[in-house]
Amino acid sequence: MKAYLSRRYRICASHRLNVAAFSEEQNRLVFGKCNHPYGHGHNYTVEVTVSGQVDETTGMVCNLADLDGCVQTLLLDRFDHANLNRDPGFSRAVPTTENFCTLIFELLSGAFDRAALERVRVEETGNNFFELERKA
Amino acid sequence: MKAYLSRRYRICASHRLNVAAFSEEQNRLVFGKCNHPYGHGHNYTVEVTVSGQVDETTGMVCNLADLDGCVQTLLLDRFDHANLNRDPGFSRAVPTTENFCTLIFELLSGAFDRAALERVRVEETGNNFFELERKA
Amino acid sequence: MKAYLSRRYRICASHRLNVAAFSEEQNRLVFGKCNHPYGHGHNYTVEVTVSGQVDETTGMVCNLADLDGCVQTLLLDRFDHANLNRDPGFSRAVPTTENFCTLIFELLSGAFDRAALERVRVEETGNNFFELERKA
Amino acid sequence: MKAYLSRRYRICASHRLNVAAFSEEQNRLVFGKCNHPYGHGHNYTVEVTVSGQVDETTGMVCNLADLDGCVQTLLLDRFDHANLNRDPGFSRAVPTTENFCTLIFELLSGAFDRAALERVRVEETGNNFFELERKA
Amino acid sequence: MKAYLSRRYRICASHRLNVAAFSEEQNRLVFGKCNHPYGHGHNYTVEVTVSGQVDETTGMVCNLADLDGCVQTLLLDRFDHANLNRDPGFSRAVPTTENFCTLIFELLSGAFDRAALERVRVEETGNNFFELERKA
Amino acid sequence: MKAYLSRRYRICASHRLNVAAFSEEQNRLVFGKCNHPYGHGHNYTVEVTVSGQVDETTGMVCNLADLDGCVQTLLLDRFDHANLNRDPGFSRAVPTTENFCTLIFELLSGAFDRAALERVRVEETGNNFFELERKA
């Protein structure tokens, strides 16, 4: 059987969707109100899923305190209450949910070695989310 | 990596579960209170998941406005605030969540070509849902 | 201090908003898609709030099993998985959330005597609800 | 009995909490990470509650389409996907949830005359909200 | 206008409802499965509501960090991940939601002086909650 | 296409995480506040997912009443309002969410033969869950 452990974190951040190479009109057409000049924001929910063997003694896949510490350092300290457009990770990429999710997946990939990163889901609102999954 | 974009829509509809070929007693036995003679209803949540490459310039899998437009025309205009039993899609099939989900999957399959349809989930209540997934 | 105990119940029902004395056009204008000819439905949430003294021995305002029994008999058996338009309570009144809430308040008012009925809230969707409160 | 109708709307916006008259250190002390230099954002939920008589014919306190239209024009067109600090309503006031709620209450007060404005609740996150209520 | 600020906290605790003076049968009759001999537990949600003037400079009723600190010390350190029956506050009282809410109200009453305590709501499950409100 | 039917159940239970072979300090280090001496508790949500062919006549994968009956007997009667540490299934294993989920998967595996068990998800809180999935 495959075993997955998931944990949800919250990031309140602002962003603006805009491509420098596009005209104003093109940007408005492609990004709609997400292109509004001074930005807007979201309560993002980041769901991190890892997999691994359940330890026979402790009954745990990994220690949640370790996972929380890793996410705190790599994600929350950097993105919570921040403007995503100012982050080096978005110096060239537009901070869409897709790109935000990809960046988070990359940041966590090498960093947490007590269990394998399986999936990252970023919810921009309760009705809109993006997921990246490790290939089977 | 596999990349998935999901979006949730709401459909308020009524239905009655009844098989014409069954006796009244059989219908009551199989469908319970879902067989009540004058129907009842639900706030259905339809979650549509598509997959695709993240465009390098826009940072998007597909334009959400396009996806919303497609769902509006094919699903919401047809099923929202409707009686499912009166819909041609249920002229012979019972409007269970399973059949509703299958019909929605078929309607969206050919229709949205900017990203691949991966999964449709229909939630009848917060504690009850059905999903269809494209074969890997 | 005022003390309130609340409990939430679910009712899946269908209804159609239509006034016999109105023309077709008037009905469409007033009720919009809630006037669709064959009805539609909702997962209603009914929140019942009662007040009373906390019993010194049991630490309870009233026994929840008693309250549940009362709601089961008076509300769930009658309205769950039903078509509200067929209910005697709506023989002359339109089954709007407002009128449904009023009917529920009346039904519960005399019936549960172990605590005072303070408020009934009926949620038609997560974004739409109506409340009746006993005057202070 | 008192009768209340409530409706919930969503506003995705960014803001930064900062008082010009404060030193950098004071601002950081008072506002914490809400003072981060380039702002951050939220999915605000605005719950609007009105009261009134239930119309005997239509069974409604007011037409939801009218209320929605009023909120669209006065709130959503102005604040959704916007930077609150750039709004004239916050030219001198800090865009805290408290001040945002007060501004919304003022904007809606005179504007919707088919039912009386009773309460405005603004939720910044699921764990944090502010309410203003008309005096009894 | 009345102004209210609310904040939600989580407490995971166990309890058993049992009155020493009752017979086994009486306890089972009054408390049902909440009387099971070795206890059970809940994810309680505690919603604390305070009121006060919005400060003209900071735009805040009170500093949330102060409120959080007060709740951390008085409630979370004491009740989170605890067995309520072992708490001195329940040495004689049954740890029902009613009594838990009353105890929390008393603990917070004198303790937080930067805003007035208005209401405490304790949710035992999503369908069951108890509230205490300061008299108007 | 793959077809999945899911249903969510609630279990209020208490537990304590402690390994007899560990020292007090080790237990505190590994389990943190979940090691508190007298236990604590949660409102667990158990999501059961089964798969199968949609029956052409009834439009159902399986009868929900049958699935509910099976879950009632095997899970709810045994674990709801119980202390997990006292359950024979945890006589040697620590009652972590991982081990609880594994036990539930085993209990349901052979028991429900009208559809194939595909996945069990146990949510300890809204931010923390564990899943077991049948190998593809």
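As written, the chains take the letters A, B, C, D, E and F, and residue 1 is the first residue of each chain.
Heads up, the rule we're going with is that a residue touches a chain if its C-beta (ideal position, glycine included) is under 8 Å from a C-beta of that chain, and two chains touch if they have at least 3 such contacts.
This structure is a prediction, so every number in the text was calculated from the model and none was measured.
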Quick one: which chain's Cα centre is the longest way from chain E's?
B
Same or different for chain B and chain C, when you check if over half of the residue numbers at their contact belong to both copies?
same
Identity of the chain that, by mean CA position, is farthest from chain A
C
What's the rotation angle, in degrees and to the nearest 5, for a C-alpha fit of chain C onto chain F?
180
Pick out whichever of the two, A-D or C-D, is joined by more C-beta pairs in contact.
A-D
In whole angstrom, what separates the CA-based centres of chain A and chain B?
28
Centre-of-Cα separation between chain E and chain B, whole angstrom
41
Geometric centre distance via CA averages, chain D-chain B, whole Å:
34
For chain E, which residues are shared contacts with two or more other chains?
126, 136
Spell out all pairs of chains that touch, sorted by label.
A-B, A-D, A-F, B-C, B-F, C-D, C-E, D-E, E-F
Within the complex, which stretch of chain E touches chain C?
17, 19, 21, 30-32, 93-96, 98-99, 102, 105, 126-136
Quick one: in the complex, what on chain E touches chain D?
1-9, 54, 57-61, 63-65, 136
Chain D residues within the chain A interface of the complex:
10, 12-15, 33-34, 36, 38-43, 80-83, 85-86, 125-126
